[in-house]
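Worksheet for the structure shown next.
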Amino acid sequence: MRVLECPLRLINFVGRFSPPVFVQTEIAAAKRCLTRASLLLATMFSVAISTGCNAGDRGLLNSEVRRLDPSVLAPFPFTFSLDRLGLFFLVLILAVALPVLIFSVSYVSRHYTPARQKWLWALLLLFIASMVGVVAASSGFAFLVAWEIMSLTSAGLILLEGSSGERRHNLFIYLLMTHAGTAAVIASFLVFLPHSHTLDFTALRAAGATLPHGARIALFLLAFVGFGTKAGIIPLHLWLPRAHPIAPSPVSALMSGVMLKIAVYGFVRFAFDFLPGGPAWFGYLVLIAGAVSGLLGVLYALAVHDLKRLLAYSSIENIGIIYMGLGAALIFTAHDARTWAALALAGALVHSLNHALFKSLLFLGSGAIADSTHTVDLEKLGGLQRRMPVTGSVFLIGCCSIMGLPLFNGFIGEWMILRSFIGGSTLVNTNAQLVLPLMVGVLALIGGLAAACFVRVYGVAFLGRPRSAEAENAHASPRAMRVGTVMLASACMAMGVWPGIFLRPIVSLAQSLVRAADAPPETLMISHVIPWVAAAFILLLGGTALLKRVKRQARTWACGLPGLTSRMQYTSNSITKPVRFVFARVYKADRTLQMLPEDRPYFPASISYHSERTTSYERSLYRPFVDGVMAAANQLRRLQTGNIQVYLLYIVLTLVLLLLYLRFAG
Amino acid sequence: MKIALGILQMVLLVMGAPLLRGIVGRLKALLQRRQGASVWRPYSDLWKLLHKEDLTPPSASFVFGLAPLLVFAASILVTAFIPLLADSALLGSAGDFILMVYLLAFGRFFLALGGIDGGSAFGGMGASREVLVSCLAEAPLLLGLVAVAIQSSSVSIVGMAGWALGQSFFNISAVHLLAFLALAIVALAETGRMPVDNPTTHLELTMIHEGMVLEYSGPNLALIEWASAIKLSAIIGLLIAIFAPWGMAVASSPAGIGLALVVLLAKTFAILVALAVIESAIAKLRMYAVPDFLGVAAAISTLAVILTALMKR
Amino acid sequence: MILLWPLGIAIFGAGVLFCLANPKAATRVALVLGVAEAAVLVEIAWQVYHRGVLTCGSYLRADGLTAFFLVNLALTTSLVLIYASGYMREAQEDRFFSPRWFYALVFLFLFTMLGVCLSSNLGLLWIMMEGTTLASALLVGFYNTEGAVEAGWKYLVVCTVGIAFALFGTIVLYLAAVRAGINPNSALDWAFLTDAVSRVTLDPHLVKLAFVFVIVGYGTKIGFVPMHSWLPDAHAEAPAPISALLSAVLLNCALYAVLRYDAIVSRVVGPAFPHHLLLGFGLLSIVVAGLLILVQRDLKRLLAYSSIEHLGIAAIGIGLGGPLGLYGALLHTFNHSMAKSLLFFGAGNVRHNCGTVRMDRLGGLARVLPQTTGILAIGGLAIVGLPPFSLFISEFAILSEAFSQSRYLVSALFLVTLSIVFGGFLHHFLGMICGEPKHVGGTARLLPSEWIVGGIAVACLLLLGIHIPHLFNSMLQQAVAVAR
Amino acid sequence: MGILETTAGKVLSSYSVFLFLTVLAQAAVRRFSTSVFLFGLQSAIIAIQVAVIGYHEKLVEAYIVAALIVVLKVLGIPYAFFRLIEKLHAPREVKTSTSAAESVFIAVGIICLSYAAVRSYASGVQAPEDGLAASVALILTGAFLMVSRKRALMQMIGLLVLENGIFLAALTTTFGMPLVIEIGIFFDVLMGLFLMGLFVFRIRDTFDHMDVSKLRKLRG
């Protein structure tokens, strides 16, 4: 126990002052402050990891770790404290923030003017501080303040990248939808008020247990919509593929990797911590939403050839997988199968940690590509592996992880969620027994499509011949960028090969959240089998590599014809064309074919083909609402006619109406 | 003792793989009234290729060289999960069939990357078709295995085999029948056999597996060919283990193992005859008809899973 | 006796400034008098904080609620005078457009607003309210343009008709009081009335009728929706300091008058009736103003509609009535006056440098006017109620009150409107601030006066957003206690 | 002394009839000067009413107020209006948005409405019913005049009629408010009129027409 005491005290000390310390660092936001910030982050990260990992089994952290209570400052209770769930997500934030900061040391200095650099550093550190604030908040007010500042600073960072017309429109949609989501989150906090009278988490937790049924349903739906908007669940995802690509790469890495997880943190805090029991249909709602988001997210990722938009869509897919895990956990708690619930929830948490790692790795990789080839359009890349060896191999590790291949960290989360789905069959004569096993098929299909998507991404971007001049003379990325990405890649590999190191604390966290008595047996089993598989794999690789071979270079086979050009290679769209043909109904692309000149169709001077895929949500779900509001606004505008006689008539009419109201209803 | 048995089973599958291919080739030849090559021809091919030189295209990166090694290693690891002679396997544990399926995916992913790295159109074409087949095959494969797992209420392949061993041949459950059909269809797609892909062709329009390996030569090509042969034998072993394990040695005495070996060879030969007949009878499907073919497998496996829930009620 | 001082300074200032022809001298004298005025008002507030109630003769009275509004008045007026000193620097001598006229009318306007806050007699309160309309009518029509004259005329006529109905309401209340046996001389003294109504039973019908006329009358001055039509024209055409004064202080005084009546009426017929009316007008105001904000093309009209919306929020706070609701409402009036004056100063600067406030003709302000963009951005973030600023605190308080009374329709409408307004402001401000500059004007720096004013307003917004000082908090609690 | 009492009673009961006549006339009138004259007549009737009540209730302030009304509203304001018309060369006729017949019908409707309204409140108020009805009628007519008339000057007349109505209501129900308040209200009304006159001049200068309904530049 002794050995644990000193890191714990350090984490308390640092936990107590982390938000204000961040605030200080961001004010003096010159480059020299970065070393202090990353140093601080490094210490916090190592300490948090150490306490996180070996604190698991002894239940050390089940009590409130530390209460920072500057509520004398603000009019409403404004307290911070770090319990186990908070600590897990703090580890997640820091695990991603540290490499991103190191990556952006060279990325920022190469891409922005000094003035913007100062702003970018200030906002970046404030962005991280606000996320730490959200995770560490232990009163509704503190949570909401940190939540809004998180959205604001991320918008500020996007604005720093540039503010032309198209970007402004995307930023506008991002901020508007985030604000609407936050309104739902505020409402979900305040619905507690009649029962808990204060917004402190302990009071909320107590009130949550005794909430009347109606309030419980309203609360859950508000939390689902509020946090779903921020997490990017399908009907509410509109902002995600618009906002992430236009942010600077390190920022989009943080947004995609970590900010989405903060939304997951919020939802877990509400669904499992504040509202312990709930009807089964809560779980089905979350499960279906997750499945739909997963499927459509990856299908849209297949259709896009801008790398950063593609990664944004694949974030929606992974959030869908996480929500499927959470849905299964909710169903199990509803049927009181607590052990399976612990497994599903642990799977979801593991997958969110892994997704944070490999998604930020991929975004940093795309940042490195953008840095050296000034474009992220897959059609223009190719052959980058030979020109950017480190970034290439790191990107390969990222792609393997996101597809959930066994020796990489994506597999662990998916395996646990699949295992919990199979466990669903033990809930005899409930419809969960039927639905959950079928979800195995959906998750497998999502995995397969993700594989299709990322074979194309890595194959087209890094292998084969360069498809454009920029790709031709791409150069290796500078040292700091490489270090950042290698750190993340090694983390992915380590967790993939040796899952035991981080599984135990997460499983015990999940147990404490769903109040399960004993830990699910399988998780420890998987963490024993995979190291053996990895060992066998390396052994086999070593053995076959020893084959003596004579190497010779020869021109690629082009059916005997000379001059194989790079245009003869498959492009990113053509590789996924068969898959998109199978799922054609999802895309509803509207194609326009134009032959010039019109009057002589058979002797066209030029043919232009353009296909535009607007997701149907925008047309069928958002457009009518927005048009309705604007129509109402224009109608109201006509009321302000400018004629004074009409204004006087308004006053007299109001008076008459009120008198009638007084006369008959008063 | 278990480890020794496990290793024996792996050696059997790995070394026996080219032989199976030889037998299928010979059977197809006989069905088509041809002489056909000798059964040991694949071994000599491998031996020849291992001594040829390795050609790498100029644009290739290290992935081109690494891919065959990874594919070969993945295939060998797949065999570690399959109980042949007794209901125990080297790495048999709970939930290992998910691991096995994803290892298969691992092999396919790197094969596709190797193909694209060649830098020619054929590699891309092979990769795009492989991607289509694999992403549609993965769901029915997992669903089929899950149906069997639920029915036999155990989550490891060894457990499933043990359960099936206990059942008598004649009251086999409907779930098992449907799962077998689904897995058979997926096995054809997975190993690249006739209706989905013609293993012996070099016609650009039709080849999937061949398209990806067009650029390889020498030891790399040998490893890839061997790996696909191992995949074929592993999947046949899996089908036998789950759906027809009778004859596996229950007590691990040498005599029992010997008898189990003989029964295994008989069952494998029967499956190879069936495979040869299918390959000679059916023509290759058009590329955009493959999704419907795999759709049938998906429908059957979903039905199997639904049945497990209904029958348990 | 001290209550006479502020009125004296104001009327004396108006007279002196009217005679000062030289603009420079007028500006300096105005500044000095403004500071003196502010000091006296703070002194009054300090004394009320300690002694509870101050009275002077039978017509002037100041209690906790008055003190809070006086502090708001003092702070905003000094901000406006400082800003006006910079704004009026190159005003040429014109029949109506000269610093002499400007400052004289401002001090007259100040005198009438002080009269409203300090008067203890409802009749005198009405006279002073009518005085505010008259004093500010000329100020609204200050520029001699077509729009200014039209806005001035509409402002004068609509407000006078509205106020006339308020007079009728006062008379009906007076009638009810006299009929219930209260001595006619003190029948209009609201202090006497508030505690007399518990002893004597007034006729509920008449009191309800009175409140209806009063809320329509003074509602016109507050700008509740059906009666709001004069407000956008007046604020858009008036010079920036005047629209800041109108928006930040005049609307609050009208709300103060309604608060006084609400206290009396809710003691007679119970709080349900007045609070339902206030809630109804509040909701109507935020919804209609929120929607109209989306389609505005002129920055100052946009800010005017935002004033209507924020006064609607304050009305909702009062309509909800709980301790937190009233606390939020009063805090909201203070925060709103700070944020709105900051935004109007920014708008004034934009009009001065770019010559227009039409948002579709403005673009790329970030490059052309970096400091003004700073002011507009901070003001914009504050006015839509985002956390680091104090409007978030007051809106959060009002929302908590709504939820703890489990009035879900009110809170749902409130939250939806907040989002719509956020979208409107975001769209307009992004259009103005980002993108390529449409004006080739040089990068004008802010005047020292504008720096001071901006600094004070931002400091208030941030300070109250993060931590409400104990003194301010207890003064607010005192005001809430009085208003309940 | 009986005659004085009877005449006071007679006046008290009959003045509202005269007021109704002025309301009808005001609605029907087409020339601006007659409209001003009618306003003067109304104020005179109210002044007499105040004087009679003063005599009836033995209130000294009533006489001061009556004198004030006579000086201001019967003589002062009409004289100011006539001077204003000459200086502004304003067109004499009254432009309205409702024809003469419609206006009269509306005026009759207003009178009936005011009686109905008063009856519903009569129970609470012991004041003579027709007095209160007259004041409500005057208020509604004032509002109607302002809404329907297009000229700025006519709107001022409408406002004055409205003020008269409110003042009459105060008078009939509570025999007048404290003197200071009465004088304050008078002063405000006067200042309001003065400012409106000022604005009429400025409208004349900038728009060189008096038609208020054309002032529609500020919209939306």
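Letters A, B, C and D mark the chains in the order given here, with residues in each chain numbered from 1 onward.
Here is the rule we use: a residue touches a chain if its C-beta (ideal position, glycine included) is under 8 Å from a C-beta of that chain, and two chains touch if they have at least 3 such contacts.
Just so it is clear, the structure is predicted and the values come from calculations on it, not from any experiment.
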Best-connected chain pair, where connection means C-beta pairs in contact: A-B
Chain whose Cα centroid lies at the greatest distance from that of subunit B: D
Chain closest to the middle [Cα centroid of all protein chains]: A
Centroid spacing, where centroids are CA-atom means, of subunit A and subunit D in whole angstrom: 71
Cα-centroid distance, subunit A relative to subunit C, in whole angstrom: 44
Distance from the mean Cα position of subunit C to that of subunit B, given in whole angstrom: 80
Cα-centroid distance, subunit A relative to subunit B, in whole angstrom: 36
Junction residues of subunit B, two or more chains touched: none
Set of subunit D residues in contact with two or more other chains: 143, 146, 155, 212, 215, 217-218, 220
Set of subunit A residues in contact with two or more other chains: 637, 640, 644, 648, 659
All chain pairs that touch each other: A-B, A-C, A-D, C-D
Residues of subunit D defined as touching subunit A within the complex: 97, 117, 120, 143, 146-148, 150, 155, 212-213, 215-220
Contact footprint of subunit A on subunit B as seen in their complex: 50, 53-64, 69-70, 72-74, 76-77, 80, 91, 93-96, 98-99, 101-103, 105-106, 108-109, 112-113, 116-125, 127-129, 131-132, 134-143, 146-147, 149-150, 155, 214-215, 218-219, 223, 287-288, 291, 298, 301-302, 305-306, 308-310, 312-313
Contact footprint of subunit B on subunit A as seen in their complex: 383, 385-386, 392-393, 396, 400, 403-407, 411, 415, 418-419, 421-422, 425, 428-429, 433-434, 437-438, 440-442, 444-445, 447-449, 451-452, 455-456, 458-460, 462-465, 521-522, 525-526, 528-530, 532-533, 536-537, 540-541, 544-545, 547, 549-558, 564, 566, 568-570, 574-579, 581-582
Subunit D - residues contacting subunit C, complex: 121, 124-125, 139, 143, 146, 152, 155, 159, 162-163, 166, 169-170, 173-174, 177-178, 180-181, 184-185, 187-188, 191-192, 195-196, 198-199, 202-203, 206-207, 212, 215, 217-218, 220
Contacting residues of subunit C [partner subunit A, same complex]: 153-154, 157-158, 161-162, 165, 208-209, 212-213, 215-216, 220, 226-227, 229-230, 232, 273, 277, 288, 291-292, 294-295, 366, 381, 386-388, 392-393, 396-397, 399-400, 403-406, 411-412, 415-416, 418-420, 422-423, 426-427, 430-431, 433-435, 466-468, 473
